[in-house]
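Read through the structure below, which is laid out as structure tokens, and then see the notes.
Naming follows writing order (A, B, C, D and E), and every chain is counted from residue 1.
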Amino acid sequence: MVKYDPKTWLSLIFHSYSRQVMKTLFPALLAMGLYTSGIVFLFLEVFDFRFSSTHVVHSLLGIVLGLFLVFRVNSAYDRWWEGRKLWGLLLNNSRNLAAKISSFISKDDDVNRRFFAQMIPNFAMSMKEHLREGVDLEDLDIVEDVLDRVKGKNHIPNTISLMIYERITQMYNEKKITGEQFFVLDKEVKEFSDILGGCERIRNTPIPYSYSMFIKKFIFTYTVTLPFAFLFDFLYWTVPIVLMVFFILVSVELIAEEIEDPFGRDVNDLPTDDLCEKIKNNVRELLIH
Amino acid sequence: MVKYDPKTWLSLIFHSYSRQVMKTLFPALLAMGLYTSGIVFLFLEVFDFRFSSTHVVHSLLGIVLGLFLVFRVNSAYDRWWEGRKLWGLLLNNSRNLAAKISSFISKDDDVNRRFFAQMIPNFAMSMKEHLREGVDLEDLDIVEDVLDRVKGKNHIPNTISLMIYERITQMYNEKKITGEQFFVLDKEVKEFSDILGGCERIRNTPIPYSYSMFIKKFIFTYTVTLPFAFLFDFLYWTVPIVLMVFFILVSVELIAEEIEDPFGRDVNDLPTDDLCEKIKNNVRELLIH
Amino acid sequence: MVKYDPKTWLSLIFHSYSRQVMKTLFPALLAMGLYTSGIVFLFLEVFDFRFSSTHVVHSLLGIVLGLFLVFRVNSAYDRWWEGRKLWGLLLNNSRNLAAKISSFISKDDDVNRRFFAQMIPNFAMSMKEHLREGVDLEDLDIVEDVLDRVKGKNHIPNTISLMIYERITQMYNEKKITGEQFFVLDKEVKEFSDILGGCERIRNTPIPYSYSMFIKKFIFTYTVTLPFAFLFDFLYWTVPIVLMVFFILVSVELIAEEIEDPFGRDVNDLPTDDLCEKIKNNVRELLIH
Amino acid sequence: MVKYDPKTWLSLIFHSYSRQVMKTLFPALLAMGLYTSGIVFLFLEVFDFRFSSTHVVHSLLGIVLGLFLVFRVNSAYDRWWEGRKLWGLLLNNSRNLAAKISSFISKDDDVNRRFFAQMIPNFAMSMKEHLREGVDLEDLDIVEDVLDRVKGKNHIPNTISLMIYERITQMYNEKKITGEQFFVLDKEVKEFSDILGGCERIRNTPIPYSYSMFIKKFIFTYTVTLPFAFLFDFLYWTVPIVLMVFFILVSVELIAEEIEDPFGRDVNDLPTDDLCEKIKNNVRELLIH
Amino acid sequence: MVKYDPKTWLSLIFHSYSRQVMKTLFPALLAMGLYTSGIVFLFLEVFDFRFSSTHVVHSLLGIVLGLFLVFRVNSAYDRWWEGRKLWGLLLNNSRNLAAKISSFISKDDDVNRRFFAQMIPNFAMSMKEHLREGVDLEDLDIVEDVLDRVKGKNHIPNTISLMIYERITQMYNEKKITGEQFFVLDKEVKEFSDILGGCERIRNTPIPYSYSMFIKKFIFTYTVTLPFAFLFDFLYWTVPIVLMVFFILVSVELIAEEIEDPFGRDVNDLPTDDLCEKIKNNVRELLIH
């Protein structure tokens, strides 16, 4: 995530979009420019053929298209914000779980303290990578005897969450924690799994196929017919005007696409690396004095 | 569900809609095209009768219609997303329930382990089919002695959920699990039934009759009167223009209808088959070592 | 509730509205038609007086009015959907409560089994009637000795919910259920009362008085001044145009009014009769083998 | 709250707004009328100066303003509805708490029964007054020995809620209720305090200062410049047209202001007096046989 | 936070914005005024060059821009309201925790009473400062022996919340409170940490970079091209008209920026200082008689 001050207007106005967006936008603008110039040239210089302009159709459809784009961006923003909420919860929960365990078990129980000090941050780290390309076990902080269980599993974060839960049940069976304390810890671990499920859902489910297709078809049809609406009014000025409209419409959709999946490494993505680091430091501080 | 990359503009723009949508859209477009051509021909060539155009009425109503369509799509999308959430919860819950039971009961309790390893995925599978046409008992993975209880019941997923709950109560009565553990499992099973209820609600309740009727009446009235608004301005160009507007308005409503019921086998529907398979593998891995 | 297939366009387009809506709509359309015809006739034939048209005012206000109507319908739809959710929960909860009680108490406890098999469906049935005109005790399925307690009470569903709760406390005091089981049942019964409260709220609270009044005043002012805007442009065509706009605006408000209170017997109302029947059958099946 | 039937169009259309709204609206309309008349007279009769009309600017800004007003009313409506939900919850919770206590303690425990039969309705009544001008102890139904503790406290509803909680803890310490029952009652009392907090939040927090200021500035700028847009097109007809637009815009904002704080004694306010009476009767019926 | 009466229209209309907003707005208005005047002068007096006006493009894009701005303000308002909810919860929770502890422990347990009477308000106070620039330990009310533990920690509110939790666990271990009471207090403390996490999320996460950039780019492009649309219609009147549109568009974005971060010391910010004071007084009153 880029850290930025939303109040610096000038730099924001003249800063270019992310490379990802520009890579799609630039060729599209070029193609649209050529197409519009061609149309304008043909009708003004070559063909001897005039028709009255159709502003009214594009005004009407423009509002409908505008409404769709605004809702598109907002549903993308809602996902982004939900992803942010889930990661905020993860930070909170990791701290809570560590704090509770630390105050429940004795100060000398080094084995369990070290276990949780490793496994709680491991959950966050493996979840972060799981939401990108997949987990590389090298990134985790795992002791030898645990490594065997994790290796070869498909779903590393789930395996780790299960190991945490088993350890808690074991402490309960060994009467290291009471029934009420077991219950309190159970709720914390359950939330880990809900957070993971929520993030996987956001990551794996783009907006419905037909909806996405419809918006792109609509933008395409709209801009391809736009030159005919302006042709005889603005003559060669049609080209910059059509490009401006095209630029605005397409960049809305591109931004929505970028925001929609907030777990990658784009400028708009959530600062999951920083959050993992924070979880690691906090949990250590709480469990190992 | 079709897996697609939302960033591939070109293929999305030129790809045709799902067969279901085209089957409704194509005859409608044809009829509309014939109707508009007829009107235009009659007024331009046959009747000797002119009136001033009524752009203004269609502009005004067009915005209102646009607003309704956008909200229509969005309320359909909300259902789709709620359905997705519920299935995500089901996956999570199945894993959680299996993991908890696995860590509560002894490693040798083969009877109970096998029971839950069968019944938890059976719940998901029967729910998936229940939301389509009905459950075929052949699809489930059921041992002989259980089959009798399920056979002949109307509501298979409910019966399965009840059997899971009874088994847990029995384990509690036999002191295989403690009071706290019973309580923890009770909450997990309750969520199964909430998920099922949520999905049934989405599936069985289309938008209110009057609302649906109103939108269709509005689209119809709007497009049927549209040729009169463009007739004397665009002459024969009226036909493609009216068809474009008609195409956009009707496809919005058709897409909304498709998205609204997300449990079928359409391209927009949720990947419930995959999710069931995932649940089966996960639960097995957790319960049977 | 009318069962309908949202994909049958033709029948939906040409089907007339519910009788309730038509009864308000028809005289209003007639009055509006007469009024507009009168205005048009007076200004075109009688008065010798012309003014420039005011499309622009009606375009502007039309968008604002359109926005209000769309939000109006959507807040009505939200209530309808919330009512649907609550009834879905009721079905779920009745099943859950019955299933839990059935697995908690012994198979021979005929007294309690019969009590709950009667009272849980009675709650749903009395709630359904309570949300309409009031409860007729004949509709309920009540044994003699219970009838006395219910008779003469104002709020039948509440009395029934209280009786269920007292019976559960009694079973707890008699040690027929454990502390954890009491706790589990307490949560189920609490939800009954929340569902009832939610439905009463939807039923007893129309949208704020000023808001409702404002929308009606706005529609009235808008349509009454509309003929003046079209008069000199469309001449006698003004009458059908004004009627079309009027028809669309008023039917939106009428539909919103109908959807807003979803517990009656209109075509748009929820299928509460069916749901009650379902609850009755399900609960019986679960409790009495 | 005015009880009204939302389906009586005629009376709603011709009924005047609440006195509060009229008191602001009438002088504003008068001032605006004088101002517009002055402008029109000056430009038409006195100055010899013409400019082309600026419909386009007001059309454009009109849509933006309309959007703001609609969202303004809707966020006010959301508060109103949230307030209604909270009071619905209060009714439910009071009944639940009374019913649970009644079934937990013995039928002869007159002291505690009378205590809760007084204090639960006292909570609702003091909260109602607390959300208006402040609590008058005379309104409450308090026995002598309790009066001393309440007198002199700033926050009466909180004091009452605390007294209820202390009594429950005391009953738990005296083993009159079990641990599970204590837990169940704790949750009910916690909700009282959440309801109170929610209502205080709605009551004490108007929309942000800048936002409120912006909307009023926008309406003012818009209507003050409006005559210049219509002047040369509609001549003296400008006055009624501007007044109509002004009336609609300002009344939206006024209605939003009225709805936003739903705990007073306006026609739009919630029926809190009735609800308190209902709570009193219900709780008595439940606790004192 | 400025306390204001939303019903005083006159003062709100003529009151200027906050200094923060004016500091950005004034130079922008000046620059825009000079730019527009320059353009108008050049085209009217210097160049001999005319083109037809492009109202239609700006009308179309204006609606889209308006939609974006309205949604922008509303998502900012949602954060502001969420922040308000969280602080309301904090007040409630602090009172609840104090009341519960007070009724659980004996009246003579001065050590624990004083501990909580200090630490609960300390949590609120340190959280308030943490959301601004950072916590100055001087502001807190801390006894000597506790000071050492807090000093040198990065995250003061978390440390305080941990100390509260540890004290409760200790009281549970010393059997000063029962298992049910421990459970009840655990839930209250967990909410403290959720509130803190929610506020940190709002504070640290501005809207996505691309989205913020897009809106500013859009406003800029729109207003910079606006003079060309009005030039030949309104001549020198173009300057005030463009400035009015520019003023409205930019102030929407500025207001959104101000509202979005509600924990500072602006006029729009939440009254966190007052709330802290209230918490302090309430908690003291409850714990120390």
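Criterion: contacts are C-beta pairs under 8 Å (C-beta built on N, C-alpha and C of every residue); 3 or more make two chains touch, one makes a residue touch a chain.
Each chain and its UniProt protein: A, B, C, D, E = Bestrophin.
Since the model is a prediction, treat every value here as computed from it, not as a measurement.
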| item | value |
| --- | --- |
| Where chain A and chain E overlap in contact partners, by chain label | none |
| Superposition of chain B upon chain E: rotation angle, C-alpha, nearest 5 degrees | 145 |
| Proportion of interface numbers common to chain B and chain C (over half same, under half different) | different |
| Cα-centroid distance, chain A relative to chain B, in whole angstrom | 24 |
| Centre-of-Cα separation between chain D and chain B, whole angstrom | 38 |
| Overlap residues in chain E, where contacts from two or more other chains coincide | 59, 63, 67, 179-180, 183 |
| Arrangement of touching chains [line / ring / star / complete / other] | ring |
| Running round the ring (origin chain A, first step to chain E), the chains in order | A, E, D, C, B |
| Chain E residues touching chain A - in the complex, by the definition given at the top | 24, 28, 51-52, 54, 56-57, 59-61, 63-64, 67-68, 71, 75, 155, 158, 161-162, 165-166, 169, 172, 179-180, 182-183, 186, 190, 193-194, 196-198, 200-201, 205-214, 216-218, 220-221, 225, 257, 260 |
| Complex contacts: residues of chain C adjacent to chain B | 1-2, 4, 6-7, 9, 12-13, 15, 17-18, 21, 55, 58-59, 62-63, 66-67, 69-70, 73-74, 77, 80, 84-85, 88-89, 91-92, 95-96, 99-100, 103-104, 178-180, 183-184, 230, 233-234, 237, 241, 244-245, 248, 251-252, 255, 258-259, 267-268, 282, 286 |
